[in-house]
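Read from first to last, the chains carry the letters A, B and C; within each, the first residue is number 1.
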Amino acid sequence: MHIPDGYLSPATCAAAYAAALPVWAVALRRVKRLLQSRLVPLLAVVSAFCFVVMMFNLPIPGGTTAHAVGMGLAAVLLGPWAASLAISIALLIQALFFGDGGLTTFGANCLNMAIVGSFASYAVYRLLAGRAPLQARRRVVAAAVAGYAGINMAAFLAACEFGLQPLLFHDAAGTPLYAPYPLGVALPAMMLAHLTLAGAAEAVIAAGVVAYLQRSNPSLLEAPLLGGSGLRWGSLRSLWIGLGALMVCSPLGLLAAGTAWGEWAPGDLQNAGIRQQIARASSDVAPPVHVPAGLERLAGLWHAPLPDYAPAFLHNATVGYAVSAMVGCGLILLLLAALSALWRGGRSA
Amino acid sequence: MGEHSFLPGHRHGGGVLDRLGEGLLAALRHGLEADDLARRPGLLQGLDPRVKLAGALALMLMAVWVRTLPVLAALLGLAAGLALVSQVPLARLMRQVWLGVLAFTGLLALPALVLVPGRVLFHLPLLSWPVTLQGLRSAAFLVGRAETSASYGLLLILCTPWPHLLKSLRLLRVPLVLVVILGMTHRYIFLLLHSAVDLVEARRSRAVGPLPPRERRRLVTGAAGELLGRALDLGGEAHLAMIARGFGGEIHLLDDFRLRTRDGAALAGLALTLVAAWWWGGR
Amino acid sequence: MTALFDLNDVHYAYRDTPALTGLSLAVEAGRRVALLGANGSGKSTLLRVLDGLYFPDSGTVTAFGAPLTRQALADEATAFAFRRRVGYVFQNADIQLFNPTVFDELAFGPLQLGLPRAEIRHKVEEALVRFDLAALRDRAPHRLSGGEKKRVALASVLILEPDVLLMDEPTAALDPRSAGEIIALLAALQDSGRTVITATHDLDSLAAIADLAVVLQDGRVAAQGPVADILADHALLARTRLLKPHADLR
C-alpha cells in the first residue's frame, strides 16, 4: 500500500505532510535524547533492518506469499517513536531510490504506515501483552494481533484518503481528478485485501520474530529497544480518541486520500491464479472482465443519489463517512477491550 | 516491495531465498546503473543536484496538480525530452516506469471507465456496460499523473549520484542528522541484504527436501529475528568506529555544490515551464 | 623512556564472559608491537581498551602520561586530543566504512576534528593519491573489493596522522595478493616514527610489521620479546595455539 504519485490531490498530500511533520519532530527529539551519540548508527541500522524485512516474501497460511511492512514488528521491538522514524526512513529510500511509493504522497504513506500503523500496533501489543512473562505465548499472540491491527488501521486510513478524492476533487463535469473510486468502493476493496493477505503477512512476521527472540535472545524483548511511547494507558486512550477525531475531521479536507489495492505487482496479473486471488480479495476492482454484478449494483447505489456530485450529497457523504470511521474505530476498540477482558478473566480463573 | 517500483516486477511464489537474492541483485544492479548513468555527460548530469531535486519535485507536483490532459501530456513529453538529452534511453524509461505503471495503475483505473457516472460515450460490447467520458478522463488523469511523476523520479535518481542527492536534501530543510542517517541506512541495507541471503541460505541448506509451509514461515521469521540481532551488533560496532575517529554526536558534512550559469538557466527554464503549465493547466 | 601506554592488572568482561584477566603491559613510544594470540585470547578487547572505547572493570590504564578513563574522555578537549593522536583500524572493514562514498569516508575524521574545510579537501585529495584510491573517489563502499575496503579503512585513519596506530587483523579475510599489498603499506610506515600496535595471528608477515611481539593467552600476557625470539620459541607458540603441534615454522 505504497501510494504512488497522482492518486492524491496536492491538498491532501500537504495535509498528510502537515500531520506527519510534528510527529517526526517529536520522535526525532525523543529518540535522540535516549540514544545521544548512538542515534546516527543505531537509527541507521534499524531503518535498514526495516527496509530488508519489507523485502521478505512471507509464506502465509493458505499457501500463498505476501510482503509485510513490518510496522507491528518494529513497534513491538523498537517502541513506537523509533518505529515511526525507522519505517519513514525506509519508505523514503524506497520512494527516492527505488521509486516505490510517490514523493508527493510520501507524507501520506508515512502517516498511514509508519506513524498510525506503528502507534496502533504498539498500543495493541501493550494492551494484550500486559505484564506477561518474556517467554509467554501470550506475547506471541499479542504481537500477531498488533501487526494485524496496525496494517489494517493503516489500510483503513489509506482507503479513506482514496475514497475522499472523488468527493472533494473533481472538475466541473464531475471527472474525478485523482483516485476515482468513492468510499463505497475504496473501503471494501482495501479492507478485504488487508484483512486477509496483508494482515496475515504482518501478523506472521511480528509473531514469528517475537517467538524466535523468546528462544534465542529474550533480552531484546524486555523493553522497547529505542524507548517506549512515554504514554500511560490513560493517554493511550486519548490517542485513540485523537485518531477518531482525526478521522471525523478528514472529510473536511484535512486528510489525504488514496489508493493501494493491496500488494499485487504487474507481473502477478499475468498469472491466472493470482488474478483469481485478487478478484477474490477485492471483489470489485479486480480484473474488469469479472466485475461482479453485485458490486455493480453497490456502486450504482453509491452513485445513484449524486447525478453530478451535488453539494448536498457531498454533505451527506461526509456525515456518512464520519459515522463509518467512528464505527470502525469503535469496533476495533471494543474488540481490544473484549480481548483483554477475556485474557484477564482467563488468568484469574 | 509495493506496487510500482524502478526494479523489475517481482513474482509471488518462488522460494524465499530466490526472492531475497533477486531483490538484492536488482537493488545492486539499479544502484550500479544509476551510478554509471549519473557520470555520463548529459544535460541533467551537468546540473547542481539541488537544482535537480527542486526541479524534479516541482515538476512532479505540477503533474499532480494540473487539471487539463494536454498539459499533463506535455509534462510527460518534457520528461521524455529531458531523458533524451541526458543519455537516458527511452527504452529504460519504458522498462523501469512506463510499463510497470501502466500495468498497475492502468489496470486499477480500468473499472473507473464504467464506475464513474457521467455522459455515456458507448457501451462495452456483450456486457453493455456504459463507458463514460468522465470515467475515461479520470482514468487518463490517474495514469498520466502516475506516469509523469514516476518518470521525473527516475530521471532524478538516474542523473544524480545518490550521495549528492542526499546532501541536496538539506535544501528541503531536512535535518543534517537525518541526511547522514539516510546515507548510512542506504549503506547498511546492502550489508544486511547480504546477511539475510546468507542466513536464509544457511538455514535452508540444513533442511532436507521441500519444507512444509509452517517450517518455511519459521525459517523466514527466524532469519529476520537473527538479522535484528546482527543489525544491532553492527550499529554498536559502527558507533565505536565513529567514536574512534573523533565522533562525539555532532554531525558535519562536506559538500562542494556551487551554482553555475547553466544552473541559473535551468532554473529559469523550470520557472517558465511551471508558469506555462499553471497558466494552461489550471482549468 | 616513559611508556606511551601503561596497563596495570586490567580486567574486562562482556556481561559474564571474561576477556581480559589481570593484563599488565607497557608500550614505549615509536615501537612496532604485534599482539599475538589465538581467537578469544583478548587481542581485540585489548585494542579497544587502548583506544578508549572500552574501560576496564578494574585495573588502570595510562596513555600519554594521563589516566585513560571514561571521565577523562568525557572532557571534549581531552577526547579531541586523544582521538587525534590514536587511530584504530577495525578488523571488519564493513563496520569501519559507514559513509556513502570513499571521499566522504576519508573526510569523516578530519571533519569531526574540526579542521578547516579547505585543509580537509586538500588532505583528502592527497590521501586519495597516496593510497591509490583516486579512481575510487566516488565509489560506494559496497562496490569495493575486500582489499580496496581495507585500503580505504587504513587511509581513513591515517589521514589524521595519528601518533599511534592500532590495527585489528589487518590482513584477515584478504586474498594473498591484497594481503601482500596491505603488508607493504604497513611496512612503509616503519620510518615514520609512529607507534604501531597490530593484533594478528598471521606469523608469516610478522617480521615485516613488528619489532616486538606480545603473546596473549586467556586475557593476559603469556610472553613478550623481540619478534625473532618469540617466533623461535615453538613450545610457546604451540602452547598458545598459534602453531599446530609439531608444525615446522618456515
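Throughout what follows, a residue touches a chain if its C-beta (ideal position, glycine included) is under 8 Å from a C-beta of that chain, and two chains touch if they have at least 3 such contacts.
Everything numeric here is computed off the predicted structure, so don't read it as measured data.
Ranked by the number of C-beta pairs in contact, the top chain pair here is A-B. Nearest to the overall CA centre, using the mean of each chain's CA atoms, is chain B.
Centres computed as Cα averages put chain A at a distance of 21 Å from chain B. Per-chain Cα centroids separate chain B from chain C by 41 Å. Once the centre of each chain is set as its mean CA position, chain A and chain C turn out to be 48 Å apart. Along chain B, residues 31, 162, 184, 186-188, 191, 234, 238, 242-243, 247-248 each make contact with two or more other chains. Shared interface positions of chain C, defined as residues touching 2 or more other chains, are 98.
Of all residues in chain A, those that touch two or more other chains are 41, 44. Chain C contributes residues 48, 51, 53, 76, 79-80, 83-84, 87-88, 90, 92, 94-101, 104, 107-109, 111-114, 117, 120-121, 138, 140-143, 156-157, 160 to its touches with chain B in the complex. Those residues of chain B whose C-beta lies close enough to touch chain C in the complex are 28, 31-32, 35, 161-163, 166, 183-184, 186-188, 190-191, 234, 237-238, 240-248, 250, 252-254, 256. Chain contact summary for the complex, chain A toward chain B: residues 1-2, 4-10, 13, 28, 32, 36-49, 51-61, 63-67, 73, 77, 89-90, 92-104, 166, 171, 173-181, 185, 204-205, 207-209, 211-213, 216-217, 220, 225, 259-261, 263-269, 271, 274, 284-285, 287-288, 291, 296, 299, 303, 306-307. Put simply, chain B touches chain A in their complex at residues 1-7, 9-14, 16, 19-20, 23, 27, 30-31, 57, 60-61, 63-65, 67, 96-97, 99-101, 103-105, 107-119, 129, 133-135, 137-139, 141-142, 144-146, 148-150, 153-154, 156-157, 162, 165, 175, 177-178, 180-182, 184-189, 191-193, 196, 213, 216-218, 220-229, 231-232, 234-236, 238-239, 242-243, 247-249, 251.
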